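My structure is below; once you've seen it, I'll send some questions.
Note that the chains are named A, B, C, D and E in the order they appear, and that numbering of residues resets to 1 at the start of each chain.
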Amino acid sequence: MEPILSVEDLSVRISGLHILQGVSFTVAPTGVTVLLGRNGVGKTTTLRAIVGLTPPAGEVRGTIRMGAQSLLARPTHRLVRGGLGYVPEDRCVFAGLTVAENLRLAERRGTSPAYDKVFALFPELDRRGRQRAGSLSGGQQQMLAIGRVLLNDNRLLLVDEPTKGLAPKVVTEVAEVLERVAESVPVLLVEQNLAVVRRLARDAVVLAAGKVAWTGDARELLLETALTKSLLGVGTGEAHRPAGSDRASVAGKDAH
Amino acid sequence: MGTVILLALTGLGLAALYFLVASGLSLVFGLADVLNFAHGLFLGVGAYGTWWAAGNLPGAGPDGFGFVLAVAFGVAAGTLVAILVELVLIRPLYSRTIEQVLVTVGLSLAGVALLQATWGADARPFPRPDWTRQVTGILGAQVPNGGLLLIIAAVLVLGAILAFLRWTRYGLVIRAGVENREMVTALGIDVRKAFTLVFAIGGAAAALAGALGGVYFGTVSPGQGSSLLIFAFIVVVIGGMGSVVGSAYAAVVVGLVQQFVNYYGTSGLGDICVVGLLAVVLLLRPQGIAGKVATA
Amino acid sequence: MTNSTLDAPPARVPAELTPQRGRWQRLRPFLPLVALVVLVILPYSTISLPGIFEGPVNSPGTLQLLAICLIFGGLAAGYDLLFGRTGMLSFGHALYFAAGVYGTDVLVTRAGLPLWQAALLTITGGTILAALLGAVALRTVGIAFAMVTLAFAQVGAILVARDFGGLTGGEEGLPLDVSGLPAGLVGVTNTVNLYWLALAYLTLVVFVVHRVSGSPTGRVLAGLRDDERRIGVLGLDPYRYKLVAFTLAGGLASTGGVVYVLIVGGASPHITSSELTLSLLVMVVLGGPGTRWGPVLGGVLYMYLDHRLTAFGTSDAVDNLPAVLSRPLSQPLFVLGTVFILAVYFFPGGLTSLAPRLSHLTRALRPQRTPPG
Amino acid sequence: ATACGSPQDTATGGGDSAAPVKVGLVYSQSGALASYGKQYIEGFKAGLDFATMGTGKVGDRKIELTEVDDAGDPAKAVSAAKDLIGKGAKIIAGSTASGVALQVAPIAAQNKVLFISGPAATDAVTGANKYTFRSGRQSYQDVVTAKSFIGDPAGKKVVVFAQDGAFGDANEAAVKTVIGGAGATVSSVRAPASATEFTPFASQIKVAKPDLLFVAWAGTTAPAMWQSLDQQGVLSSTTVVTGLDIRSSWPTFGAAGTKISFLSHYFDGASDTEASKALKAKVSTIDLFHPDGFAAAQMVVRAVQEGGDDVDKMVTALEDWSFDGVKGKMTIRAADHALLQPMFQAKLTGSGTAFTATAQKSLTGDETAPPAVAMKG
Amino acid sequence: MLATRGLTWRIGEVAIVDSVYLDLAPGEFLGVIGPNGAGKTSLFNLITGLRRATEGRIILDGQDIGALPPHRRARLGLGRTFQASSVFGSLSVRENVRLAVQAHRGGSMALWRRAAADREVAVAADTALDRVGLAHRGTALAGTLAHGEKRKLEIALLLAGEPRVMLLDEPMAGVSAEDVPELVAVIKSLTGDSGRAVLMVEHHMDVILELADRIAVMHHGALLACDTPETVMGNPTVQEAYLGESL
């Protein structure tokens, strides 16, 4: 299968710091590809480089292609209109606009926005249509940020830590949403929550020290405790798994 | 009674002028986050554009339709300059607020100097229909027609801007772009167009203020814009940045206070009152009369 | 692809640790001193810099110009204590400078006080004024703060223009009565003393700002610039610290006013205008806010251009150009404004950002050598 | 070319009887008063030609002019003056704005050089110090001329409408002394110089019903002010007197122009002197401040002729000197260096864009002489 | 030690925080959980003074602190971290912590002393940095840190202030799994025998379970339950409202 996105030798410098040093990977045309790595390794930077949002002080080299088309040096709004959906790490909803206005803004010309789909996933957004997005709680804002992108048809979704700071219940919901979305659109996902990763990911790319340290089947990565431990610093069976980890660990604690 | 009416109506005329300058300033300032010290230049261009057109543009003149054409030319010139300024000077500097200040201050100095270099430092008589020099008797007051014209224009501009912001998609984009340009882009919208638009609107309103102010004052001079600018800034701030309605309220308050205090109090007190008003409003309500409460 | 060498974080070397200790680097801390010494003995040189100054360096005209530039260098550095170092955008700084100018002038000329008394009273008064107005204005933040300070300054400007009791001379200004002044400060031949006075003022401001920024309070001020809420949660009262910075900057500006009135020999109302505050901001931005030398450079350059461009505008070189060019170029403000605009594009980050870029350039041009062990 | 010198070096002027005489002209070439400055310098050059018979020389000595722009800023003017003095200039002239003149005058006294102030109208230049002279008129002379419009002032009601600040203060004070002193009751309406809306002030004046309204207003807001006075019916209900400004401002009076009585410092055609002919030959149309420059040049030539390089001698030579200027007979009063000179009453006729001024009456220098003040320094 | 009595914050008609009664004993570790939007952050804002409560009292060591500005409350020993990192971006990491230490040592208005020369502050700051494992990043500008590093710095800032009551708002959010145990250890060491009390909002259940002595559950601004972890986790309402279906 031809990959939907291929990144080759991507190098990003921001004000002198060489953050990505020749990153290459591909994203399969179906399913979820997860981008893993420790804090500060450059996951967000990678996504932002793909969608053309490297800060002014930054310098991007390498090639990024979607199909046959090169993405580098094209303005962000063109890329997005071309079907590249982006959910940023820190939500970035428009605090001063109402929820409904936030959604309306995301409508793209010439397509019919899929409001029913979004409201079915997040009924909260329908109910709070008139509330200003800035007064939503963190989790509600995340729903809005995801819902906003799902209004449109996309060829590829870039999603940066969608479950950060969400209650376990909502984490589950978000994971479900992404799972369903991934049935029709390929997703490149940055996620710290291994339970979510395990549930969604088909392929995995692990970044370390500004380079790609491992690529392959996500399940394979998660199964091999030694591998995850060396790449991500955790074993899948360990206690300190982040949020949303299954109840077993909760029960385990209960049993102490 | 006649005096009160006269003061009120001329005060409103002044308010209308302040509003026309302030509305654009407020939009650009509150929405595009640019403290535009060169806004007075747009006014100057509008005024000189109208003046020039009335004398030189075929079909334009100081009367009737010719005058409308001259004003239209002036407004178009002001708008064009505003667009150019945005495209060439401001656009590369978005999110670099302080450097924008440097550029707009530089532009206001250079722009006024350029007007002066071209047309001289002295005031020129402004071409205008005769009826604008006359007065209309309203309840015993002899109200200058030029002032009434300003009031009507300001009300129309206010309505148009509000409708635009509230009901058009570009209005929405402008309001969102202020908060987070990057994210608007990430939704597939070319936000830069919206900012150019804001400048165009502000430039047009200011240029109109220049043309009608020329009618009202009877002259045009290079520094006219800058001297109005400080009061326009005060109006913007009292009204709340980004709020066009707030600017309208504030302009009325400032215009009336100046007029009444100057009549009943001693000279200069009107200005001090306005400035005092600004300080009091800001201390009690830092976001201005109609300003949105900052989100935590 | 499987690869698991994972230890090193992305390559990045903090500037402090870069080994770059040439002879030059060791000299660096002494450069300001060297510069100071050069500036002190400058008036003994008869060197001529045609085009840059009208006459030799030690001519009264040149010294006068330099003195004014130095004053504004100091003024900009003081303003940067507010703007660049604490993040407070005041649009009313001209008021405290004007208080210094008019205070001294009125006390000497109208009340007949000896200079030292007038100066002392003025500086104290200016500082207290800053403290009082700051106490009110600092109830607001951000643009609101800028506008309240602008409002106060505007009241000052109106009061000066109104000429209450004939005290300020209104728009005509108030020439300084020099009869009671020390002889060394009067007359063209003594311009050099005024120059030294201005230099002393600049040195004072730079030293004070430097010390304060490096002090514990300065650290808090830097914190305020980034996140005021956080400072509060750490247990420090942001208001108090901002007031201290505001008062200090106000006092420095008043002191500058005292020196300025001696140099110019009088007060005129346009030093009360909001344009002056704006030009302070422009100076700081031009030079590089929050840096030690940027504001000074910006202030000096601004004033130099402001004074010299009038001569440029009337020079033959400009006159001989075609009218389209010579007309605008003969307007000093046109050239000044254009310079600002160009500066933003050519020196983003201010003049001081030029130095590292120049060194990049020289390094790039120099043939690669193996770094010394 | 490094060299060492004393930090107190200044060039010493002349000594040599054939060396050029350095004269510094510090005036507004740019800024708001640039057109006044332009007239001044044209006048000066014409005057220099006239007084030196076209040679530009006094005896064997060339008059070497250095022109410096002060842009209306006293600080720049002071710098320029210091520079010129440092380079050996013994005479400084210029000063388009009052604020500039007042701050340059002390510099002249401190350094013992001759200072001849230009168009700056403030009374305070008169008697400022021994070294300071003036080549233009002063506010007081304006007011005395205004008084001539109302015949016997006794019992009349006079209102002064002036802008805030020193210029307005001086005019108000002068009206109180000159016209009030002659028996009229004088009151005043003052407005901020920055005002843009004049209706409240116009109403106040209307309500006061004066027999004479004296308006002292300078600046770009003047046309709006006149329009308001006209619209509120002030101009048609009373005699209104004001100073006639430069020609380019005349069209801005609009309909109000013919309703105002003007006192005039000068306009083309006000006099028919030798000097005015010489000036007209150079500049084609004489305007308000050409005569000031012309007179300044005449005074410079006189000072150099009689004083050589000795400034004190120059001062003595100018004091009590009478000469035929563009306006007519001018006299420098020794006591306070006031420049006694003819003043004019004028009327504008025509309409809209094409006004012509005609002289109604001219007053002699003695008739308009301001009271002598004590020399301050 | 810290208690709230009927603490309420209304915006218009809506109670964002609704009559909350909390008691925090010295040395106690109280976890706060609750769905997104339950009002946890708002509760912290009320306690630390960034927002003024509409009703109710906040009592610290027997003193009602409800009317004090944030810095006065901090001086009384109240420290907090923010859900969205808020560090001094233009200062180096080390300067950030030194500033916090200095704030803690008393905010004297020293204008003339050299701040860098204060050994004690420097040492205390380095200790705090060491404890969160950021010592190697000391010279980096705080603004350029990655998200997870900022969280650590945030905790270092808190540590430097040696508060007696600490409010941690989602300290683990965005921290990579590798570093979680480390941070947990740090937070654990904060309490120990020092008598410090901690109030921590966290969505990472296993972290909460490991650390908390009691757990408070917030829902729609109100306290749904406040009890031992076992009881709370067994509570069906809590499961329904918060935990939901497991993955």
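Heads up, the rule we're going with is that a residue touches a chain if its C-beta (ideal position, glycine included) is under 8 Å from a C-beta of that chain, and two chains touch if they have at least 3 such contacts.
Being a predicted model, the structure only gives us computed values, none of them experimental.
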Winner on C-beta contact pairs when A-B is weighed against C-D: C-D
Of all other chains, the one whose Cα centre sits farthest from chain C: A
Separation of mean Cα positions, chain D and chain B [Å, integer]: 37
Chain centre separation (chain D, chain E; CA means) in Å: 74
Centre-to-centre distance between chain E and chain B (centres being mean Cα positions), rounded to whole Å: 48
Two or more partner chains touched - positions in chain B: 116, 268, 271
Multi-chain contact residues (two or more partners), chain E: 50
In chain C, residues with contacts to at least two other chains: 12, 158, 161-162, 330-333
Residues of chain B that touch chain D when the two form their complex: 3, 6-7, 10-11, 13-14, 17, 116, 120-125, 133-135, 142, 144, 216-219, 221, 223-224, 227-228, 258-260, 262-263, 266-268, 270-271
In the complex with chain B, residue positions of chain D that touch it: 31-35, 164, 189-192, 194-197, 199-201, 203-204, 220-224, 226-228, 231-233, 246, 248-249, 251-252, 254-255, 353
Chain C-facing residues of chain B, complex: 35, 37, 89, 92-93, 96, 98-99, 101-103, 105-114, 116-118, 230, 233-234, 237, 241, 268, 271-272, 275-276, 278-279, 282-283, 286-288
For the chain C and chain D complex, residues of the former touching the latter: 43-48, 54-56, 58-65, 68, 158, 161-163, 166, 169-173, 175-179, 186-192, 195, 264-266, 268-270, 306-307, 310-311, 313-314, 330-333
List of chain A residues in touch with chain B within their complex: 51, 53, 56, 75-77, 80-81, 86, 88, 92, 94-97, 101-102, 104-106, 108, 132, 134-135, 148, 152
